[in-house]
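Please go over the structures that come below.
Shared between the two complexes below is chain A, which has chain B as its partner in the first and chain C in the second.
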Partner chain A sequence: MTDAVTMEVKILRSSPSEGVPSAYQHFTVQGTDNMRVLDVIRSIYENQAGDLAYQFACRIGRCGTCAMRVNGVPVLACQERCKLQMRIDPLSPFPVVRDLVVDRTEVETRYAQMALTPAGPQSNARVRPIAPAVAEELCHLDSCLACMVCVSGCPAVEEHAFDGPAFMLKLRHMQEHPADNGDRLGQALDGGLLECFACDACTQLCPADLSPAQAIRDFRRDMIIGSKPK
Partner chain B sequence: MSAVLPLPRNTTRQADTYITGYVARTLNRACGMIVVAFVLVHVVAEAILRVPALAPVNAGLPWLPVVQNQAWVHAILYFCIAFHTLYGLKLLAGDVGLRVPARASFLVIVGIAGLFALRELLRYVGL
Partner chain C sequence: MLNISDIQVERVNVLIAGSGAAGMRAAIAAHDAGASVMVLAKGPARANHTRMSGGRYNAVSGLNPMDSPDAFYRDTVESGCNINNHELARILAEEAMDRAYDLESYGLAWDRKVPSEYVLSMTGGGSFVRTIGSADEGIGITEVMLHQLYKRGVQIRDFHMLIEVIRDDDHVQGVLALDLAHGVWRYIECGAVIIATGGTSQLYETSSGPTINTGDGIAIALRAGAELVDIEFMQFIPISFVYPPSARGYTLTEPAHYGMRHYDPKAEAAHLHNKHGERFVLKHDPVRKEGSTRDVLARAIMIEILEGRGTPEGGVLMIPDPQVFEGFLRERPIYVKRLLENYGEGQARLEAPIQVMPSALYTLGGVRIDPWCATSVAGLFVAGEAAGGVHGANRLGGSSMPDIQVFGRRAGMAAARHVGATDRSQTSGFEAARARANALEAPLRSTGGLRPPEVKKRIQKLMWDNVGLVRSGDRLEDTLRQFRELRDNVVPTLTVMGKTRILNREWMEAIEIENLLDIGEAMISASLQRKETRGAHYRTDFPAIDPRWQANIWVQKLGKGAWRVEKKAVAAPTALAGAQLATAGAAE
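So, the complex of A and B:
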């Protein structure tokens, strides 16, 4: 059963390239209580503000494109249920392109700089099989959507020079990979590993059921006790 | 890695739930600041109460010894000391490889710290 509801929605709208300062625009939306935030935004776009800029792709919580902040909490708009009162902001701390669309260039650049590809086997080397448990773990770590919800929700990113939990998770993924021989702990330290407060907010917010906080703790354990040989 | 940790999340109502980590971090900071502030105030207050040269100042502050012996002040202080210590130990334990569920450990630490506060309150009523 779904109930008809009336929602009061505030969306932070801006267009830095056109010099339009950011300001909240209010909308009243008629809908049902099982709508997702993305449905509400689409309704606003189709019926009230045709110039509203927003992004989405899969609508099933697998692409991470529709990440934004609802009432101050970073979420995937396609997964989050609508609320009667909503304040919708673009995903911080990323630069806004327009309205709810943020520029992810820096994210892609940083991933590229990290060289997140394990070295392949040399032509004369024997290919070593990966243990099933390790393979399962690697697949799990690889399921990060790169939605940046964890980065947006991380208080350490706000306060310190910390790349963010998503990047630490990717580095840990490589660290766990048997074929990788990069200095991932060194990269993590350069990325601000020690700035993390270990508050676990990233784990609670991650839409992909991952635990970046545990990845950070594993790196710290390696730093203190030493890592297991691959 | 994360498979062994309980993930306290409702992905469809994420913005409705309180984020344990934010609460824990804020409380930990607040507790640390309260402990430091109490120690500083306590040192100054004891100096005013006991150093003869500061007797004129003491005469102008009749409420000073009273404030230092309030049950609620001690309850807050003991809660803060216990919470800050236990939460700090939990963070250290995580750094050396112990896997601790975030929300459960936070609630347990708050509970234990609360017992310290309760003990202080009960002490003042003679129990």
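So, the complex of A and C:
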């Protein structure tokens, strides 16, 4: 069912605050072919490099905090199956704290500025009527892990003033929410909605099987024909 | 000795440790009551146990006319084998629904088939269909709450590990925290501390929780002088993934296991077979069979595995019901994906046997609290999985989500009120914080000792083998001896490979080890004292329930190596909960 494998792994290590420049360190890891990238990194930490900085918590694709690049592709380390040859880099384009851990301060500030809370009374002890199909869509959009895999893999983010697909998805979540009264389309436009060139890379990469590209298409449709009344 | 300038001093009214739902709900309530609030998260704020939950939420919604707060309360106490703190259990039953409405006002959408009625389902141990849920599970709950914190401008400090609560003779003065990302110590003066750091599932080799749940807050409260209650009870989920390594121990949610019983309490749950094809659960619970409570199922599976009737990978086989596949796909698509990726298409379609094993899930006991989450240390409050008493000896599936909302809010309200009522200058705690920080720098200076991950694994193996699902006096005693040996001879020489202060995981683990040993020792001491089998606590040398043990055990740490372990009468049922509710409503 599982086969023993030998993996050649190189990890980009650095510590900017300590003045340690980026350099690849090479490791050979004995393991099995059903290991995830995270399993390989943990094995390196436990057996070869106790000083390796990496982040994970849930190990099952829910906390969204172990995103990194494996052979150039942004992935969640806990979800990505290991490969015989791996080049592992911290998640670009975010600033590195140390080794594979990135600083999310800007990301969280961006979320906070977007005010992603519906309006309305906060303590009315009653059911707020929501059409079942809308509730289902809200749940779907609210399962974004905020892992930044899509932002890392978005070519528009690299080249233009675009916040990135994940933020468009969260704005769409609010747009669909019946109790929200924010100008979400306006926010999306300010965040670079029109910079997306519809390559769909975000949807291909999303570890939660969401489609930020669809959220972007929905906003663009609203621009032309107007949004549905709530 | 560290210089005074090596510790950065800050000040806040209410300091909350933990960024899961209990901590976030406490932050919302404390902020709304007028307090300045700071939340410490050990990792990024999203790395918390709530987020990993299926988010299933027990509450009396009024949609099932058979159900009532009293029935929920009785189910809670029956499942807890009658040693719950009855008042806490009643508050849970009475306030759960209002907190579910709060979540919806934050932006969550509970599953529904008509606009104003939630979909109800069954969970383990409940006698009525009462559980609501949302397809975005714990992710949705934590996301909407995090954005409420952002809206309120609550300070959230990522990568800040709570190290110690600093107190004088009669009151909390502040906390010592380690800013892991900058390698900087912080002393945070405050009028109240809320510990919401979750449980200690990382004490065990196989566990379902996040890797940061090393019970730090429970151990810190213990060292600050608070008592633990019911700490001998650790809940194991019976049904979790067996492989691959990263997924081992992760909960396989209940619809797959319950089959049609998910919708109908009279239907049968999925059968469990050992490697000989025997339905071994029938030996343990011929009446409820595989629909039995989590404690019975987990133990039954563990015994099969320990006695060599498990699969080569270390599990047993669950025979799923393909009838529930469509519903499962709709309600829990993420698990279908996991089954597909981890096991294969047959398993994902619920057509082929699925390997499952038990896993450490939830710390049932914890810090002893009153109905407003106050501990015996003035100014120290505890909420959520770190607290004990709500669930007793076993917990209903779907009851942790309301627990952390109900008591998170209560802790936040009470802490804000407490701060308003006291006017204290807190600066005297700094020297104690500095001395503690200095001692914890040892692994950075040390050479030649064992590495922290190695020692942590040794602790986890000992706990899994001897202080887990199957316990006995001899093995508990032996484990206690080994823990003391580790504490005396290994911990003082712990050595980290890299001496960097920035995100030094080994250093963090060295600090966690002391917490794990404190809770492990408390758990073993209480387990030794409880000479019976009850709920999640199973003694092979005392395999029956003993009515004389319908009592709680309180554990207090008196100093180095000195413990007080006392049998106490269960807090009596009370009619006060209604009055408490009125107070709660008026205060918000």
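Points to keep in mind about this one:
To be clear about the criterion, the second predicted complex is superposed on the first by the 222 of 230 C-alpha atoms of A that agree within 3 Å, B and C clash if a C-alpha of one lies under 4 Å from a C-alpha of the other, contacts with A are read in each partner's own complex, and residues count from 1 in each chain.
Keep in mind that, in the parts below, a residue touches a chain if its C-beta (ideal position, glycine included) is under 8 Å from a C-beta of that chain, and two chains touch if they have at least 3 such contacts.
These numbers come from a predicted model, not from an experiment.
Within the superposed three-chain model, A:E106 lies out of touch with both chain B and chain C [touch as defined at top].
Residue contacts after overlaying the shared chain place A:F56 against chain C, while chain B stays out of touching range.
Looking at the shared chain after the overlay, A:D209 reaches both chain B and chain C. In the superposition on chain A, no contact is made by A:E158 with either chain B or chain C.
By the document's definition of touching, neither partner reaches A:D190: not chain B, not chain C. Looking at the shared chain after the overlay, A:H140 reaches both chain B and chain C.
Of the two partner chains placed by superposition, only chain B is touched by A:A198; chain C is not. Using the contact criterion defined above for the overlaid structures, shared-chain residue A:V73 touches chain B, although it does not reach chain C. Taking chain A as the reference, the larger set of touched residues comes from C, when chain B and chain C are compared. By the touch criterion defined above, A:E8 reaches neither chain B nor chain C.
Touched by chain B in one complex and by chain C in the other are residues 36, 61, 79, 140, 209 of chain A.
Put simply, chain A touches chain B in their complex at residues 36, 61, 70-73, 75-76, 79-81, 83, 137, 140-141, 153, 155, 172, 176, 197-207, 209-211, 213-215, 217-218, 220-221, 224-225.
Those residues of chain A lying in contact with chain C across their complex are 2, 15, 17-18, 32, 34-36, 38-39, 45-46, 49-65, 78-79, 97-99, 101, 103-104, 108, 111-112, 115-118, 120-132, 134-136, 138-140, 142-146, 174, 177, 179, 208-209.
Partner chain A is touched in their complex by these residues of chain B: 1-3, 5, 7-9, 11-17, 19-22, 24-25, 91, 94-97, 99, 102-103.
Residue ranges of chain C in contact with chain A, taken from their complex: 43-48, 51-52, 97-98, 101-102, 104-118, 134-140, 143-144, 147-148, 150-151, 156, 158, 181-182, 210-212, 243-247, 250, 333-334, 337-338, 341, 451, 453, 496-498, 500, 502-506, 588.
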